[in-house]
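Following are the structures in question.
Each of the next two complexes has chain A plus one more chain, namely chain B in the first and chain C in the second.
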Partner chain A sequence: MSQTNIIPDFVMRRSFIELNGRARAQSLFDEGTWKELVGPFDRIESPWLPMQGIAPQSDDGCIVIKGKIGGSAAVAIAFEGAFQGGSVGEVSGAKMTAALDLATKDSESGRPTAAVLLLETGGVRLQEANLGLAAVAEVISSILALRQHAPVITIIAGTVGCFGGMSLAAGVSSYTIMTREARLGLNGPEVIEQESGIDEFDASDRALIWAIHGGEQRVGMGLADTLVEDDSEKIAAAVRSYIRAGVPIEHRSRQVKLYRDRIAALDTSQQIDPATLRHQWGNSTGGAR
Partner chain B sequence: MERIEFDYPEAKRRVTRKAHVGVVGSGDMEVLLEPSLGEGAHVFITTSVDGFRDAWKAVFDRFFSKFDGAVRIDINDAGATPGSVLLRLEQAVEVIEQ
Partner chain C sequence: MAQQTLEQISRSWTTRRDEKRRRMQQVQPWMEGPILPRTKMIDALETLIVSGDRIVLEGDNQKQADFLSRSLVKVDAKKLHDLHLIISSISRPEHLTLFELGIAKKVDFAFAGPQSLRVSQLLEDGKLDIGAIHTYVELYARLFVDLVPNVVLVCAEQADAEGNLYTGPNTEDTPVIIEAAAFHDGIVIVQVNEIVDKLPRVDIPASWVDVVVEADRPFAVEPLFTRDPRHITDLQILTGMMVIRGIYEKHQVQSLNHGIGFDTAAIELLLPTYGESLGLRGKICKHFALNPHPTLIPAIESGWVESVHSFGSEVGMDDYIRARPDIFFTGRDGSLRSNRVLCQLAGQYAVDAFIGATLQMDGDANSSTVTTGRLAGFGGAPNMGHDPHGRRHSTPAWLDLKTNEDPNLPGRKLVVQTLETFAKGGEPAFVETLDAVEVGKKAGMPITPIMIYGSDVSHVVTEEGIAYLYKTEGIEERRRALAAVAGVSPVGLKAKAHETAELRRRGVIAFPEDIGVRRLQANRSLLAARSMEDLVAWSDGLYQPPAKFRSW
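Coming up: the complex of A and B.
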């Protein structure tokens, strides 16, 4: 038996989840084509965190990298989930918005530039509440402007997941790539439990959380597009194929009637379980196409 | 939150490269290491844990007993232990000297 048969694939593969935000973004680009914009040595830090006794980070947890993916111009915007839960503050939000707007400007002047969002984030940074909320609004309007010209691709790999305001950014993006380990939801499990009680949602029940927010369920329901393994090469290949595919004919977030009808058709007289929902919604008419 | 500064005027060897390692996550920190603009080495620490100036001083005294580069070091710290601090510093040195 050869060595490749003895060693299973998951030992040989290069994990994406184990990379930090910067390395994740770098791993998507064609070799030698990328450079980081407003990097750590520019020291654009949050002015608000030190006022509240919290050490800031030199890139505010947001990494912007411009380069080529599969030969096409692209910009990647990554949130570092280990810093303040990947939260969106004034600086990180402004970096993301500016990068998206520059991509739109390039695309409008005949150089289509796709955006890849690597979202490991709990949403708005509570210490910068109003500025974070304003940033989410700006980010969403910038995505809507860019996605007419070039695809906006969201990657949610885990393990933080994508929640709060940034789940809306994932919702309006052209394509969403998830792993089995990733989670996507507007309200996180602990927020639901805190607001509606443990009867509504038990945030310590990991099986329940992944049955509802997990990548497999989200892709199964058609609310995300591809389920990939935690493998850098497979994730990069998925991004390249979506950049090649270009702007979808109809974005998921434009299919208002389809989703309204689906919600109207739900039988709420009894508890809907995740498998039923996946069965009802998991057909080819949903999702980006 | 506390801001701490140290100077090591004996560290005079010229360096040319920069390094950025680590993340400001719980029990960890980030290090920015770059050539110093003036003479000697300068250390600027921002830490969210107050009252450990002496421990920081001990770690940097040990670090600069072996390392002699004229560098500026900026640290944003979220509660790294002295052992983690030294490992992050050595990692940054590895980046600029590889």
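Coming up: the complex of A and C.
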């Protein structure tokens, strides 16, 4: 009756996508080293959602966990995609900024603390629009401060993906880890279709969406760094190796000239397809790691 | 007397044959053998079909002769009108445009899923008369009795120059529709994806076929039987565990038909994990009358399934099926041969159990998927979801449902209905009166369009537990047993604690703990596949999901 006879290994793997935001964050840390900061029992909830008839959540969909990863100090900040699409509101944005700033403070005082961002988010929470937008600005400035001292690692695993303001946070990270099921883009497919019409982007065409926003394409183009399987152990290993690697020599978001030149070099007289772009950008030397 | 004899002598016995010859002769100049050029399609339809004709348009819940239906709406309604349309499934918008334009007037059908709202509207506007709403097999059966067609419009993958047809994995309804016309002097018109020199295999011989036309694009097929494991909930897993322990294991169910819902997809994905841990492999779920559900791949790969006969194919499964001929019915060319009528027949008479999800159930266990304002029809569920009294062979499960010792009485087929006590949006699924009652009245139907009659239902499974309705004595006890598992719905609120305890003691109802199912164990980590990618991996890359199910 041994199950191993008939069940392939991949079925027994611990799927990362299946985990909720809190379990994802916990799975990255060395055993027994982590604790949650401003957890659900502190009951810091969005004051704005109930006014609009939406039940708030006691962690506002943002989970902050501090501990050790591969022996080094680290903080993980996870957005729970199942709560309001992982959106960033006043509370969740403040939690994220505070955690990043504390990591910077520790790093500056000689205890380098890396940050891991688990981004399953559509971006700014529409119900808290201005506060959410302000939060994104603060988050980005906090990432820019921290990344001089310690790496900021973004994980996008799926199935929500990372869009809107939070895609900018991914963009300024030191490293980005994705799965094939993950998506990364500034505007989500529905937004593009709504704003520019179905001829520009058909949001029901899943093949098109993943060909453009999908993990394989984003890593292939060099806009993300590693494509990993949906396996908790493999994702944790990738995080450990980036923490060991430390701060990159030059962050992607600093390579302004490289990307300007690349965009200028594109032949827009005809429709550029995803495979061509991947070929052109993925193979070029320098810049994207 | 002499007068009558004279009349008999002068009567023609070949009117149908003569009429077919007359029509065919008119299109002959355009044709090369049986092949008609695509450009003459509309002219040919206007010639081969005559106003008032009874025509069959092939279109079920999977494949659609859509080039022919798109062509038929372009005929001149002044020349061709008041057709009597027979169609399994009213699925495409142009099917109803035929009625708006007056080309067709009357319809006999089995299912109208995607177009059900418009059917109701056209009926109200007097643009459409409904002969009757059928189940699949009874509609086909009538093609050989009182609905013999004049012309049938069907589809195939390939034809050769002589008109032999390859209908391939999605053979489905084509043989039965063609048979009804070909052997009673009806005209058989076939759209094919391509005309080739040599067919992989002959599914329909040329002598049954009159006109072949190469379509502008391959016929439409819907991947209707694909369920993304990502969307299976813990509640559906709990229900699946209860079914495996409390029904399949208990009654030794070896052959079965599964519905297309997520509940049954969960069961399929629990067999290699949960079922295996119970040591049930080889004891239950060996034979299926079932479309090639992608969620069945793990059970097949881990050695649970011995055979699968199918109504139709499923998009993306062709290569996998081709590589597993021991399991599936395949032709000499290696590809699947499906046949809806035969599979429906298998589902009626040859399987131990039917299990399907339903949307609404009343206190007598009558169930329906009809919801207000929609005339959706029946499809095939009632064909399989009943106890066929014509069955005479016995199996362990069939005999296990016999509740008396009388050797003069039969066993019983399992008809299992699963439903959550509350549907999406907080609507109770158990109701005092089915929506179908009102819909039936509005549509002027002589009886309520009930999908599965309560008297045929042997088991009802909810997240609360299982009601073994076949064990109940009398209608009152039946209602009590159902109420006991109906949660806090209007039906469930009638349950009384002491009655429920007594039913539970007698094994007429069972809660998860009574059958060794641990509620806390019911979570997604039990599934043998949790995503479409997992299914692809199980199939070793042979299963190629259609784009709409891919998230990579």
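Details
Throughout what follows, the second predicted complex is superposed on the first by the 276 of 289 C-alpha atoms of A that agree within 3 Å, B and C clash if a C-alpha of one lies under 4 Å from a C-alpha of the other, contacts with A are read in each partner's own complex, and residues count from 1 in each chain.
Assume a residue touches a chain if its C-beta (ideal position, glycine included) is under 8 Å from a C-beta of that chain, and two chains touch if they have at least 3 such contacts.
As the structure is a computational prediction, the values presented were derived from the model and not from experiment.
Contacts of A:23 after superposition: neither chain B nor chain C is touched. Looking at the shared chain after the overlay, A:245 reaches neither chain B nor chain C. By the touch criterion stated above, A:137 is placed in contact with neither chain B nor chain C. Once the two complexes are overlaid on the shared chain, A:80 sits against chain B while remaining clear of chain C. Using the contact criterion defined above for the overlaid structures, shared-chain residue A:50 touches chain B, although it does not reach chain C. Using the contact criterion defined above for the overlaid structures, shared-chain residue A:205 touches chain C, although it does not reach chain B. Taking chain B and chain C in turn and counting the residues of chain A each one touches, the greater count comes from C.
When both complexes are overlaid on chain A, the residue A:275 reaches neither chain B nor chain C.
Looking at the shared chain after the overlay, A:266 reaches neither chain B nor chain C. Shared contact residues on chain A (touching chain B in one structure, chain C in the other): none found.
Listed in rising order, the residues of chain A touching chain B in the complex are 20, 39-41, 43, 45, 50, 53-58, 80, 82-84. Against chain A, the residues of chain B that register as touching in their complex are 1, 18, 20, 23-25, 28-30, 32, 34, 46-48, 74, 76-78. If you check the complex, the residues on chain A that touch chain C are 1, 3, 6-8, 10-11, 15, 17-18, 158-159, 180-181, 204-207, 210, 214-216, 230. On the side of chain C, the complex with chain A involves touching residues 230, 272-273, 276-277, 279, 298, 301-303, 524-525, 528-531, 533-534, 537-538, 547-552.
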